[in-house]
Each structure stands twice: as C-alpha cells, then as structure tokens.
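Some structures to go through are shown next.
In the two complexes that follow, chain A is the common piece, with chain B as its partner first and chain C second.
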Partner chain A sequence: MKKRSIEEQFFLWLMRFTTASIIMVLSGLLFVIFKKGYHAMSWAMISEEPQGGFYLGAGGGILNAILGSVYLSVGAIILAILVGLPVALAMNVHMVRYKIWVTVIRFLLDTLWGVPSIVYGAFAFGIMVYFHLRASLLAGIITVALLIVPIITRAFDEALRTIPNGLLETTYAIGGTRSEASFVIFFRQALPGLITAVLLALCRGIGDAASVLFTAGYTDHVPQRLTDPTATLPLAIFFQLSSPIPEVKERAYAATLVLTIIILVISILSRIAGRRFKKYVL
Partner chain B sequence: MIEYLHLRRRLIDRISSIWIVLSVMLLLLLPLAIGLGLAIESLPIVKAFPLRALLTSSDWSPMEGKFGFYTFIISSVWVTAIAFVLSAPVCILSAIYLTQYAHARVLYIMNLIIDVMAGIPSVVYGVGGVLVVVPFIKDNLAPLFNINSSGYSVLAGGIVLAIMSIPYMLNMLIDIFKGMSLEIKEASLSLGANVWQTVKFVLIRKGSSGIVAALGLGISKSLGETIAVLMVVGNVARIPQNMFQPGYPLPALLANNYGDMMSIPVYEAALMFAALILFLIIMLFNVFTNILIYKQTKE
Partner chain C sequence: MSNSAIVRIKDLNVQSGNTAILKNINVEIPRNKITVILGPSGCGKTTLLKSLNRLTDLQPHLKISGSIFIDDEDILQVTDGLTRIRQKMGLLSQKPYPLPMSIYKNIAFGLKIQGVSDKKIINDSVERYLAEVGLWDEVKDRLHSPASRLSIGQQQRLCLARGLAVHPEIILADEPTSALDPISSKKIEEKFIALRDDFTVIVVTHILRQAKRLADNVIFMYYGEIVEQGPPEQLFEHPVSPILKDYLNTGH
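== the complex of A and B ==
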C-alpha cells in the first residue's frame, strides 16, 4: 500500500520538475536574448540601412532586413490566403458530402505540414536554376507561400470545422448559393479563428530562414521592385553572427531582439484579435 | 432587375467554384511536384553513381567527384537521436502532469508558453544555442569527461533541437491525453487504483499509438530543422565518434553549399539528391505518424 503512493509521489515531483524545466528554458532563452540584445540596441539599428563598411563594424542599421522580412511575409501571406482559404472553405462547405476526399486532403496537408523549409528552398531553387531566374523578392515570396500554404489551410480548416452543420443547411434553406454559404456565412463565423491562423502563419513567414536562403538573395537596400533581391531578418542575424568582428556580432544580438519582439507582439495580437472578433460569432 | 441579380449571383458562384477547384488541384499537386522536381534535378548523380555507393560511402570531396552521403546521414541520426532522448521523456511526463494532476490554470499558462515557443523562429534558438549551450559544453560538460571540445558539437545540435521540438510534441501529447474518455479513467480509479497507476496501466496503453505519433512528429521536426542546427553543430564532414565532436547533418549540408555549387553540374545534382533523401524520409515519417493519429482520434 505504501509503495505505490511513494511511487506516485516520486513521479509527481519528477513531472513537476520537467514542467518547470520547460518554463525555465523558455524564460532563460528570452532573458539571454533581451540581455544581450539590449546592450547593442540603438535607434539607428532599426531606422537606417547598412552604410559602407557595415560588416566591418561601421554605422548603419538593419532596416533593409526588417522591411525585407515584412514585405516577404506579407506577400507570402496574401498568396497563401488566395490558395488556402478557398481550399479550406471547399473542405467544409462544397465537399461536405465527399467525406473521403476531405479526409484525403486533410491527411495530405498534415503530411506537408512537417516538410522542412530547406526542402521547399531546394525545390524552388532547382526551378529557378532550370529557368535561369535570379534570386528576387518575388521568388522568395512564392517559396515562403508554398511553405505556409499547408499550415494556413489546415489552421483555416480547424477554425471552419467548429461551425455547426445546421448553419449550412439553414443557408441553403433560405435560398443561398454555395459561394454565399462559404464566403458570407462560414467566413464571418470563423473570422476569429481565421485571423489567428493568418497571424500565426505570419510568424512562420517572418521567422523562416532556410527557404529564402537561396531564393530571396541578400542586399543592403530596401527592395523597391518585386524583381529586386531582398534581405531578411533571420538571414541578417545568421550572417552577422558568423562574423569574427565583435561589433558586428553585437548587432546580430540586437537583430535577434528585434525579431523576437516582432514575433512576441504578433503572438499577443493574435490572441487579442481572436477574442475581439468573437462578438460576430453566433 | 431581379433577373440581373439572379444572374450575378450565379456568376459569382461559378467563378468562385472555378477558383476553388484550381486551388484544390494546386495543393494536391504540390507534394507530387516537389518530389518529381527534386527527383528530376538529382537524376545526373543517380545515373553517374550506384545508389548504394551514394548512401554508404563516407567519402565527400565534390571537387574530385566523390559524393558519399553516409557522413551526413549519420550526423543527422546523431542529432535527432540526442534530441529525441532529451525531449521525449520531458514531454511525456509534462503532458501527464498537465492533464491529470495540474490545475486548469496551469494548463492554460502552459498552452501560452507552448504557443510562444512554437512561434519563436529557429534562428533565435540558434543564437540562444551559440550564447548558452555551446560555451556550457565547452567549459563545463566536456571537461567532465576529459574531452577537449570546441562546444560546437552534435550534442549542442541535439540540445537545441530538443528544445525546439518540445512545443510540437507536448502540444500533441496534451491533446491525446485530454481526448481520452473520462469513463475508463473513472473505472480505473473506482477499482482503487491511484492516479499514477491509472496513468501507467490504462491511459498510456490506451493512448499508445497517439503517443508514438507525437514522438514521431518530434523526430521528423528535428530531422528537417536547418538554421538552428547549422549554427551550433560545427559543420565538419567527418563521422562523429562521440557526442562532443562536430557533425554535419543533411540540412546543414544543403544550406552551406548552395552558393558555390554552380561550377560543377553533378554537385548541384548531389545537393538536390540530399534534399530528395530528406523529403522522402520525412514524408514517410509523416505518413506513418498521421496514420497513427487518425487511428487514435477515431477511437
């Protein structure tokens, strides 16, 4: 009798320890990033393009990378929504009666979800080489869009799945078409979930480095056209951190802090937005 | 007027249907396109060398036309195995604690933490690894075993990967433990078992396929992770003898060598072949784990 409660107590403490250790790892990581980044942070870092000799420690900032990442991920999100939203709506409105096909698509999306971004990068790069295209903002946008389409579609699908089927029947009963059922009724009902999904996918787009390593190129200027190459924040961190010069390394820490803050703000926004738009839901 | 409105609605319906069909087709063709594209790009190397030689030779000197992927595959196995050993027990124990013992508020807070961890980009984990894990291995851990290490090692890669795969594994394990029916738990408790015995003899067995799937998902995440590993693993193309030595996993090989591969066509094909291996292994893993997940949720 005693033995089993000792065993339970032992594992209970072990489990408490592992849970606490996860929290400690995250807070430790954030602490290190903030502490290191805070020292190297300055207004010039986030408001200026790199100046001559930037990579030897001269003045300037990483505005090119910040804006590049924003352009890239926003462009990719728009493309991904254009493909992902209709698929998710189709799975929940048009194809309700073809359960097997819905399962097949869902399965496929789940499988694609885990394909690493470097594979997408290699695939896109292979195509670019084949057609003799140069690295550009557009190529980067398309690559990142390919990467986040499965993620965003699956998240849309999860949001739409929670809508009761009766709503679809009601729409048909009052004479609505399928497109009205999906783009008016279902879209509005799932809006909080859809916004959360978009913001989470935006996080992925901004943070991803491996897929744009060879498709977006790198430049010291803010891109003006879709055919210009573009810098991204993760790559700016990566390149500067591998520099032997201490000032450049310091800047990598500051850039990491900028990236982390952007991601944290988007995560918080997605939580707030999710709650805010709930009032339109039946 | 009514005629016109009616026509307009039908037109919109038709156009949106075409848009939907096109999008679905695009998505269905995506994995096929990636697989075929990579296969076609890697044809030159598969033609030039027998498949077995490519996978089992550890001689990698592209300038002399020698392409053996064994070193990179072994490095990938090393970091993934270390990450798995470190993260799997932590995730399982935490998931049990959060769903069976902890207060609902603790679970809520932990969900927030999981979301934040999953959102943090891999390059940030990499920076954390360079700042904390690498010096720790160099100054504290390696001397403990009387080994000289620069810190940039497969162990560092494994530790960073373990941390990165925690949110994915933990999230899924929590879902699995939460999804199990309350009745079987109550039945076990009413027979006089305590909560831990219930977990050990009932819940873990009931959820076994789901647990395996969650762990598989963590493994496939670790296999494909690039930037964070690249930053801490050392990138030396030699088979690591112990975990304090540097390694060179497949994704790191891809990421490091794109720039200068243009000069030799076979070299490009070799890297595409590496991407193809990675893609196929991970697709296989994902298909397997997803079958298990679908089984579990059906129960």
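== the complex of A and C ==
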C-alpha cells in the first residue's frame, strides 16, 4: 500500500514539474520578446516600409516583411493543400487495397518531414540557377510549399486514419463512389483534424528562414508581383539581430513580437473554426 | 426459379492467406423473406454478408472464388457499375455509422448520389423514411442538427431509414441489435418483420432467440461451412446435425 502511494506521489509531482517547466519556458519566451521588443513597437513599425538607413537606425517599419511573410505563407499553404489533401485522401480511401504502397508513401513523407529546411532552400536554389531565375515571391512560395507538403500530408493522413473502417463501408453500401467517400464523407469527418494540420504547416511555413534565404530574396518594398523578390519576417529578424546597433537589435525583437502575434491569431482563429465543424463529427 | 430466389451463391470460397474463412458455400436466399444467418462468433457470417455487396474488396488479403448471383447477375464478375449493385442493398452494421452531417442530410445524401435533385422529393422522402422507422416524431424539430447527437438506438434506426430511402431490394444486417438497448432492438426487429413484404432481409446474428423471432429461413454456419439450412420449424424442431443440436441445447 505504501509503495503504491509513493509511486502515485512521484508521478504526480513529475507531471506537475514537467507541466510547469513547459509553461515557464513559454511564458519566459514571451516575456523576453515583449520586454525587449515593446520599446521599438510603434504604429510606424508595422505600417511603413523601411526608409533609407533603416538598418542603421533610421525611421520606417517592417511592413515589407510582414506582408511578405503573409503572402508567402498563404500562397505556400494553398499550394500545399492542393497537393497534400488529394494525396492523403487517396492513401486512406482509394488505396485501402494497396497497404504496402501506403506504407511506402508514409515512410517517404516522414523522411521528407525530417529533411532540414536549408536543404529545400539549396535544392530550390539549384533549380533556379539552372533555369536562370532570380529570387522571387513565387520561388519562395514554391520552396516553402515543398517544405510543408510532407508535414501537411502526414498530418492530414493521421487525421484520416482515425476514421473507422465502418464509415467507408457504409458510404459504399449507400452507393457512394470513391470520390464521394473521400471528398464528402472523409473530408467532413476529418475536418477538425485537417484544420489543425493546416495550422501546423502554416506556422512552420511562416516561421522558416532557411528555405527562403536564397529563394525569396530580400527587399525593402512590399512585393507587387509574383516575380518580385520579397522580405520575410524571419529574415528581417535575422538581419536586424545581427546588427551591432542597439536600436536595430530592439527592432528585431519587435519583429519577433509581430511574428508571434500573427501565429497566435492564426491559432485562435483555426481553433474557433475547428469547433464550428466539430459538432457533425461522429 | 430465379423468381423465388433473389440471391444464389455457388461454390463460394473465401480465403485469407492459408486459412479458409468460407468453404464451398452453396445457398439460395428467397425473395421477400427474412433469412437469418446463425452461428457462433468467428464462423464467417459477417464475411458471407459482406461478400454479397463486395465490401470484401476493401480487404485485399481476402481471396474470393465462386459466384454470387443477385437477380441472375454474377456480382463477383462485375468490374463496372459496382455502385449500382451496392445500391440494391442497404447495409446495417453492428455499430451504427451515421454520416458526419445533419439528420436530414443523412437521408438526402443517398438520394443525391442517385441523382435526385428535386427538393420536394427529397423532403418527402426524408419525412417518409424517418416515419417508417419510427424516428420522425422524435427528430422532426431538429432535422438539421448533427446525427451524431442521436442516441445509439436512434442512430441505428436512422441508418435503416437511410438505407431504405435509396430503394434497395435487399437489406443486409450484420448483428444490427448487438449495440442496442432492448427497446431499440425490439423496434428494429419489428421493422424487419414489417419490411418483409417489400424487401428481402438478410440478418446475421448469434442470438438464437432473435433468430427464432425473425426467421422465415435459417442458415446455420459453423467454421466457414453451412451445416444446415431450411425453414425455422425444421431446423429448430428437428435438427439433423450434432453440431446444430448441441448449439440449440447450449445456446452457443
């Protein structure tokens, strides 16, 4: 009896400790970003493009990077959904008879998930050089899409895998075709999971610096066309943080704060959207 | 001949790897009757039922040979128009699987698949088939709320209504009451008896008493083989094989 209660106490405290440490890391992170960044936060910071000498402490803001990141990640996520959703649905509906292929595809996607983003950047850069293309928003979108396709596909796949076999049998028994089973039934049933997957991939895409370093370029202007180069928040943070000037460094933290807030807003919105659709799920 | 038997199974064998799940099944299932497939767990009842609308296709490790004639068409040879064959049959599974949408759309979905787009016809069908399974009064005020909020018993009746709405000829039911409370079970059983005039009902069960209540025709299976088949009076009163005698005595 005594031994069991010691065990119980031990694991209780272990859980409390680990939970507390996660919360502390997160709040510590937010605290540091906020403390260092809020001095440099101003309306100009988020509404203006950088002026000449911005990186030496002159006026202006990071609108170029904010909009650049938003364009880039939204473009990439749309591209990634267009590729990833059909693949995930095919793996779970069309290919139920070919389990071995599904296993192979899963393994490949998992491998791709583990590839560092700089490798995607270098790969895309290599192709761009071959075709004599310059860094642009479009190249950045495609590279980030490549980076997040494995993530989004596997996350979709996991959401779809939890659907019981009986639902597929039922759909066929009513006379549904494979596409109806996929795009109507499985899509609806997995929708909350799919939204989470999109969120996961979007946050990964918007925060990634290495893949856009060579491919999207950097500019002080908001991109007007897909062929324009574009700034991104992670790179804006990187460039400003490596400056020796304290004011510029402070701005890096302000940019970090903006990035964090964007991710937070996306998270909250997708949670709300997920809850709206959850009621139909079995 | 083909008029009285809606399903004719000839030399059906189903194998999974080296183990035979169904061995030399030869049976005819009469039209507009309730046929009960009876037998202990794991004897191949569900596999037999699922091969009738080719849901066995979903399990690639199953090897199927023989022929199954439904309305004189060998469905195991069909490569095209599988959905047309499946629409001839409504399926009730052990656990109800309502579609992840509203109660209304659960019924409307099957109709839309068949190409019905007239709102009035759909509305009428929804009401008619929900009433037919005794669900209309319970749900008429919340037709557009999710089907997942219904109780399990209501969900199973909704699944039956959904199946009936697409005008099948055959109702396949795989232990349809095993997850239900006694009252819901009773409603489903009563429904089956009422449906007998217009449909052919095939029920898989391992509950002897249910079989006795429902059956017009009984197929008794044991380890992948049909041991005896015939009208219930004959099987239950005068069993021939020792296995069935034993089963009737012990109830399992």
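Here, the second predicted complex is superposed on the first by the 253 of 282 C-alpha atoms of A that agree within 3 Å, B and C clash if a C-alpha of one lies under 4 Å from a C-alpha of the other, contacts with A are read in each partner's own complex, and residues count from 1 in each chain.
In this text, a residue touches a chain if its C-beta (ideal position, glycine included) is under 8 Å from a C-beta of that chain, and two chains touch if they have at least 3 such contacts.
Quantities reported herein were computed from a predicted structural model and do not represent experimental measurements.
After alignment on the shared chain A, the placement of chain B and chain C results in a side-by-side fit free of clashes. Contacts of A:Gly166 after superposition: chain C is touched, whereas chain B is not reached.
In the superposition on chain A, A:Arg188 makes contact with chain C only, while chain B stays out of contact range. In the superposition on chain A, A:Val96 contacts chain C only, with no contact to chain B. Superposing both complexes on chain A places the Cα centres of chain B and chain C at an angle of 100° as seen from the Cα centre of chain A, in steps of 10. Of the two partner chains placed by superposition, chain B and chain C are both touched by A:Thr177.
Legend: residue contacts after superposition of the two complexes on their common chain; A:Ser42 is shown touching neither chain B nor chain C. By the touch criterion defined above, A:Gln51 lies against neither chain B nor chain C after alignment on the C-alpha atoms of chain A. For the three-chain overlay built from the shared chain A, the minimum Cα spacing from chain B to chain C equals 6 Å.
Residues 177, 180 of chain A lie in contact with chain B in one complex and with chain C in the other.
Chain B contributes residues 9-10, 12-13, 16-17, 19-20, 23-24, 26-28, 30-31, 33-34, 37-38, 41, 89-90, 93-94, 96-98, 101-102, 106, 110, 113, 115-117, 119-128, 130-132, 163, 166, 170, 194-197, 217, 220-221, 223-227, 231, 251, 254-255, 258-259, 268, 271-272, 275, 278-279, 282-283, 285-287, 290, 293-294 to its touches with chain A in the complex. Contact residues of chain A toward chain B in the complex are 4-5, 7-8, 11-12, 14-16, 18-19, 21-23, 25-26, 28-29, 32-33, 36, 82-84, 86-87, 89-90, 94, 103, 105, 107-123, 125-127, 129-130, 146, 149-150, 153, 177-180, 182-183, 200, 203, 206-210, 213-214, 234, 237-238, 241, 252-253, 256, 259-260, 263-264, 266-267.
Listing the residues of chain A that touch chain C in their complex gives 96-99, 164-177, 180, 184-185, 188-189, 279-282. Residue ranges on chain C touching chain A, taken from their complex, read 50, 53, 55, 57-58, 60, 83-84, 86-87, 89-91, 93, 95, 97-102, 109-110, 113-114, 146-149, 159, 162-163, 166, 172.
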